[in-house]
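Same chain, two partners: chain A is paired with chain B first, then with chain C.
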Partner chain A sequence: MTAAPTRGTPATDPVQATSTSTGPVQRRRRITELVLLFVAWAIGIGANVLIDPEQAMASPGHVYRAAAVLIAGGLVLHAVMWFRAQYADPYILPIVVALNGLGIAMIHRIDLLMDATAATNQVLWTAIGVLAAALVLVFLRDHRRLRRFTYISLVASALLLVLPLLPGLGTEINGARIWISIGGRTFQPGEIAKITLAIFFAGYLSTNRDVILLAGPKIGPVRLPRFRDLAPMFAAWLVSIGVLVLQRDLGTAILFFGLFVAMLYLATGRLSWIVLGLIFVAAGGVVASQTFGHVAARLDAWWHAFDPAIYDAPVGGSRQIVQGIFGLASGGLFGQGLGQGRPDLVSYSNSDMIITAFGEELGLIGLGAILMMFFLLVSRGFRAALGTPDAFGKLLAGGLASIMVIQLFVVIGGVTRVIPLTGLTTPFMSAGGSSLLSNWIIAALLLAISHSARRPVVTGPASDQDIAEFQAHEREEHERAEMLESERAERAERRRARQEAARKEREERKARQAEDERKNATAVPTTDRADDAPKKPAPDDDPDVDEPDLDEPKTEPTNQRPNERKGATS
Partner chain B sequence: MNRAIRHVWMAAVAIFAVLLLALTSIMFFQQRSLAADPWNTRTLYEQFGRDRGPILAGGDEIAYSVPADGDYAYQREYRNAEAYAPLTGYFSPIYGSTGLENAMGEQLSGNSDSQFYDRVMSTLSGDQPSGASVEMTVDPELQELAYNLLAGKKGSIVAIEPDTGRILAMASSPSYDPNALSSHDSAGVIEAAQRLNSDEAQPMTNRAISGDLYAPGSTFKIIDTVAALESGDYDTDTEIPNPQNLELPGTSTTLPNYVGGNCTQRTEADLEFALNNSCNTPFAQIAMDLGQDKIRETAENFGYGQELDIPLSVTPSTFPSDLDDASLAMSAIGQYDVRSTPLQVAMTSAAIANDGVLMRPQLVQEVRSSDLSVIDSFQAEQMQRSTSTDVADTVTDLMVSSVDNGIANGAAVPGYSVAGKTGTAEIGSSGTNDSWFTGFAPADDPQVAIAVVYDDVAVGESSSAVSNGQQMFEAVLNG
Partner chain C sequence: MSELTVALLRYGFLALLWVFILGIVLSQGRDLAVDRRRRNRGRGAQAQAGANQAPQTPAPVQQQPARQLPQTLLVLQGPTGGRSYQLGSAPVLMGRSPECTVPLEDDYASGRHARLFPQGSRWFLEDLGSTNGTYIDEQRLTRAVPVEAGRPFRVGKSVLELRA
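Coming up: the complex of A and B.
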């Protein structure tokens, strides 16, 4: 631990950074991002015009607002990354901007049919989401800092999830109590909870991974984790699932459970645990379908969607699913064309069912393209997880990417009857401020992690700020090391003093004995030692003393060295 | 940990693959069946959003779309609605469509394959696509006359042009007002539909081609006569026993000739006498002599047992199988389980009129796109040969005699030679009859073949079937 030399080395780097600034531009790939942003704007803004060109000419307010937010938002984040996350993944931002623009277009398109103004809200929330993402990128210089908030995140998750249950604050919409209402505006705290929960899982698992993996008992071929190692995980999971069962929001419950399972697997690589978990879920699902009416109704609407009795059921019927499927089918291969279909025939076609609206108007080809954009986005998330060197970052990026995969599976699988339909939003597309905000934050976190994944580790050019920060970090480390060192030195000093005292005592005793012998004049030299032996383990009760200390009474009292060695290795 | 990340990514790949497959299944492979699903109002909304082409008769718009406010851009309206309802059908936002509105739906809405180019052009030009017009073969005068003749009664009249198969009239009574079902007022539509559906007279059934069909009664004797002549065992001189009552083999019942008629005058009859007076026992014996297969084959030559799309879907007329002699005897006079559509009976006359060649009956004269270019036009098509020209000529003579000298004389039109045959079929034990007339005119150069039928005419009550036939002939010949 030598602090002085390291403090000196980065001081030469600013020269390097300026002289080689042309070289690493390609590797930062910010230009790629900018070019792709133009494509994203073309898609996102173009869609807003194409849904009804005549209307867009007549009253272009919406198009201007949407274009302004998309362009400004894209540029702001792009600029922030130039300064804060130069090595961030260049694909994530353009994909998100394009998806967000498409979502606004479809919401506006359905507004025109329904005489609503959801798109205005969505544009506003896009701005808020972009701002939040920018703040995350500015203030979260290093994603590893989030690890400090592991347990705070757990508490935050629990609070966020419980908020809607509070009387006066929580609002029940369509039988699900997952909204809070402040000043007439509703917000879904569960959307933010998915991020805090991912942070908790990542923090806890990255710290306790080894213990969880190795400390448990082995039953047959499966080594199970010790309960106490996984207890906080289970607590987190139980709270989220329990609250969501109380709030009757099946979709989010599935999302949280999926996140839990995915992150457990990411951390441990133990497939057997996942299988065990899924068996428990299956059992839980059977119990839930027997006990909760709304779960059973969901299953019926899934299996027997085309049964007239279930189709026409006043509550929990399959009309929504069936009409959604009709919508998809009417799109066919090429779609009806933007603005040409009847997405208003499907209930919630601008939120939970927005995928069917896209299917109807853009067809299988258009929807396939959207799906591919999502796939690319998710893959970049996993890529960031692979690239980042720290376990926490890997788990967080993998977890956040998994959230998106699960959400898409629940949404699209639901409308295509692969799985029962449960309400969840399509990331970046569905109308809904909380969802948009949380997904923009997720995008920002992925960008931050991808930056650390692609940032040159050893020889990269460092900015003054990097250097300053590094030096601050080094200084901090050095101070901590010095503090520890001085503590150790103190302890060693105390021990040395004690041993010194003991030695003096022994010498005095020896001197006394020698005097006594001399006084007695009759020497019995052979038994002299044997008499001394029981006394050898001197009452040395210093807990800090290592094994070598036991021998010390025999050797020269040069106890400085062992202590120093100990300090160096720790 | 990287291994686990890769595995989770692969799971994501699998999930996206499953989602794409599911979407492909719905959006590509099941697309048509889902579009045809009765719950899929989307298809209907799309149709109602279009300027649907009109259905015309003789150049007049019978069914047409007018711009409307509300959910749908267009409203379907019908002129002289009840007379044409069995042909046009309705176009309802709640109950879908029937009749030509359904059968020609693709053309009317502009969705047919032959209108692909128009669709592309209107998409490119940004115009609303509009559908093609469908001109019917029916003659408005005849159609309206036929419906008026039936007014207040239950029955049907069909008129065909024998040498082309064009359907000149096809009326069914009682009828209904398709305007009531095609309205955009849902409550009104539902109420109208409930009223029509609960009406025992079944006004929404096109009796000419569907419903429960009719026993053809004595009109089936035309087919017996053809079978007899074709067999070579009979000619116009053959004397056939004509007992007043024929004991049916294996039963204790007898088949009588009509007591009030002229049949009692002779104990033996040739085909002319038997047909003129519609004696039952000679034809029962002919059928038992020739066997059921010969009768059925002859019936099938005239179109029995065949499904038709004119393009309305026609319920096949049937001649029963596995008959014992008693049932065969009953079937020979168009009773028992023989069932015919009025269209089938008219086709029988038309085939005789057209020298034994049956032309495929058709209802659509022309389909024109909205820019008036012809997409599809009528082409006469031979359906099959029903019998030889010789036999057809002989039967024509016999049917002319039936009008000139027999009980069908009410159908005579002065100055023209008319061929005809009456029929009466007892319906179960209800004490009512179905009353028939079929024939064609002029016999030497047939312009029209018709079938008229009335349901549930009380026994003994004189039927107007014959006189209605006469009025139809007169309208064609002198109109």
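Coming up: the complex of A and C.
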């Protein structure tokens, strides 16, 4: 195109015209990822050792298992990204590995106090989560393919949410009916449903956001969307309300509703959606607190947490929250040190309340670091959303990051008494296989989207590699065309030869007939073989076809394939 | 284990957590600065400082455009106003069509409106037969003309400018 010098790899060249407004072409940064992975391993495995160094020396089985899964998992995903998503975000994987390692350590630490084996389970589910993430990265080359499953995702979400309500399958634990049990193991389908719902919202809003924004009646300064444009969204909203009413799981309902509002805001950029959403939540909260006993109890335990009557209440008391806060208080600035606190005093300290356990043992500084890691992880998700050129990818990455933010806000706000405590897991940390699995899948989706966000858009002069590829393609096409052409020519040639032969034969036959007639008329043998001829009444019989060839070789057309011709004529 | 080791490990672990975070924050650098306007403003300030010094040392200022191609195309006004594009040495297509290198989303721009191409150390602007024309200094382009950095030109209703 221009006189510009040919370039090496187009990817690493920083001074190339790009169509995105994100500045120079991004580097791959896989080495950065590897270096950070080493630090993440040090954190994750170090935490597993530090919770009880003597125990780790005496029976190192758990540490070995955790280390093996973290290192192997990190390396597998790192390798997958080298091959499949070279431009994927380099920070997501190390952060996730570090958080997961910390979570395993704390669960194991609480296991030691409670004589439980939740950590083994967690390590197993980490391995499953890593595998799922690797599969997502391998098979999802382009996240835009997910857009085809927009409505399938809606149906899948509804099905997943209904599963726990089925009689034989669903299991009720602690008053919430959100588990299904298969073969003695329990699973929360709602955790997967949050991903499929995000896919649905992203697919639906990326297609319909203009209609939602622009069509519809205008009342005062507010333009209301038409009902039919929002109907599928209302269906999704009803699903989340259904969760609240039928499964009595306040946390998941808030998560779904928050996702709904966040994605509407991301798609339309109207603050009014958030205001409306908050009003809806407030109204819903008031109604729910009047209607459902457990919601009212939660509100009481939040508002009057230190009231002795509520603290000592046998069911739905504030004991859990208050013990968590005591734990945070005893942690102070630097914490008690890993393995030195008493996180077992808090019920569910390895799932819902794991944040207070960390606050107790690592203090404000450590908890701040953990929150910072979550913040960085979420910011990388939004960064991927900003960089992706397509609306679906933007909304999906934004939605997945929002899921994480909302979940963190609900659970950390709950344990620190900013909002009423509702049961949700802390991503990557809380004990719970389904949560871990779904969060690893979310991480993989963010990685896939960030790959397409950071991948360079090649608009500059073609590189040598591109030219070579193009030429190879051209050559291939050319060869194929030549082959086709020669085949066609051959076929035509054969057909022509066949017709020629047929014509010659016909002429010969005619000539012979004429000759025979003449012979019969004159009865004079002209050749040495002519004495045979009178014996045959019909000289144009098939067995005689070849005979003229012997007599008149000079009339035979020059044909390379006599056999074929014969086969064709006979 | 001695008291000292325990304390060292305890604080060392906290330090490790923050080293990890610092490592991430430092290595991502300006990656989160999606909008490059701020940096451009910084450059603009530098250029202004250069202009202030110009009376004393005019030579380097004059030499600057000759040394290298302007590298940034900035949309000053129009629907996509504020966006900037890094230029390499490849021609840049501007227009309403989303396939353009610089899509303008401007109703007054033609699908493939105008083209910037490098020639030596300068960019040339060429109108591609647009309906509403391409203008430099209110002069409609009839042929390819060189564009200096800092000289705005109009494509449809959008005003663009090259920056060094």
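Just so we're on the same page, the second predicted complex is superposed on the first by the 431 of 570 C-alpha atoms of A that agree within 3 Å, B and C clash if a C-alpha of one lies under 4 Å from a C-alpha of the other, contacts with A are read in each partner's own complex, and residues count from 1 in each chain.
Criterion: a contact is a pair of C-beta atoms (placed from the backbone, for glycine too) under 8 Å apart; a residue touches a chain by one contact, two chains touch by 3 or more.
Being a predicted model, the structure only gives us computed values, none of them experimental.
Q: With the two structures laid over each other on chain A, which partner does A:V418 touch: chain B (first), chain C (second), both, or neither?
A: First partner only, chain B.
Q: What is the contact status of A:P427 with respect to chain B (first) and chain C (second): first, second, both, or neither?
A: It touches nothing on chain B or chain C.
Q: First (chain B), second (chain C), both or neither: which does A:A98 touch?
A: Once the two structures are laid over each other on A, A:A98 reaches chain C alone.
Q: Give one of first, second, both or neither to describe whether A:G73 is in contact with chain B, with chain C, with both, or with none.
A: The answer is neither, since A:G73 touches no partner chain.
Q: Under the stated touch criterion, which partner chain does A:L362 make contact with: chain B (first), chain C (second), both, or neither?
A: Touch status of A:L362: second partner only.
Q: Once the shared chain is lined up, is A:S379 touching chain B (first), chain C (second), both, or neither of them?
A: Both: A:S379 reaches chain B and chain C.
Q: Could you say whether A:A262 touches chain B, chain C, both of them, or neither, answering first, second, both or neither?
A: Touch status of A:A262: first partner only.
Q: Mind working out whether A:I370 is in touch with chain B, chain C, both or neither, as first, second, both or neither?
A: Second partner only.
Q: Taking the superposition on A as described, I'd like to know which of chain B and chain C A:A42 touches: first, second, both or neither.
A: The second partner, chain C, only.
Q: Common interface residues of chain A with chain B and chain C?
A: 337, 363, 379, 386
Q: Residues of chain C touching chain A in their complex?
A: Against chain A, chain C makes touches at 1, 6, 9-11, 13-14, 16-21, 23-25, 27-28, 31-32, 34-36, 71, 83-92, 100-103, 117-118.
Q: Can you list the residues on chain B that touch chain A in the complex?
A: Counting only chain B, the residues touching chain A are 1-9, 11-13, 15-16, 18-20, 22-28, 30-31, 34-35, 37, 39-43, 45-46, 123.
Q: Note which residues of chain A are touching chain C in the complex, please.
A: Going through chain A, the ones touching chain C are 1-2, 4, 13, 15-19, 21-24, 26, 32, 35-36, 39-40, 42-43, 46-47, 50, 53, 90-91, 94-95, 98, 334-335, 337-338, 362-363, 365-366, 369-370, 372-373, 376, 379, 383, 386-387, 459-461.
Q: Please name which positions on chain A make contact with chain B in the complex.
A: Result: residues 262, 265-269, 311, 322-323, 325-333, 337, 342, 345, 359, 363-364, 367-368, 371, 374-375, 378-379, 382, 385-386, 391, 394-395, 398, 401-402, 405, 408-409, 412-413, 416-418 of chain A touch chain B.
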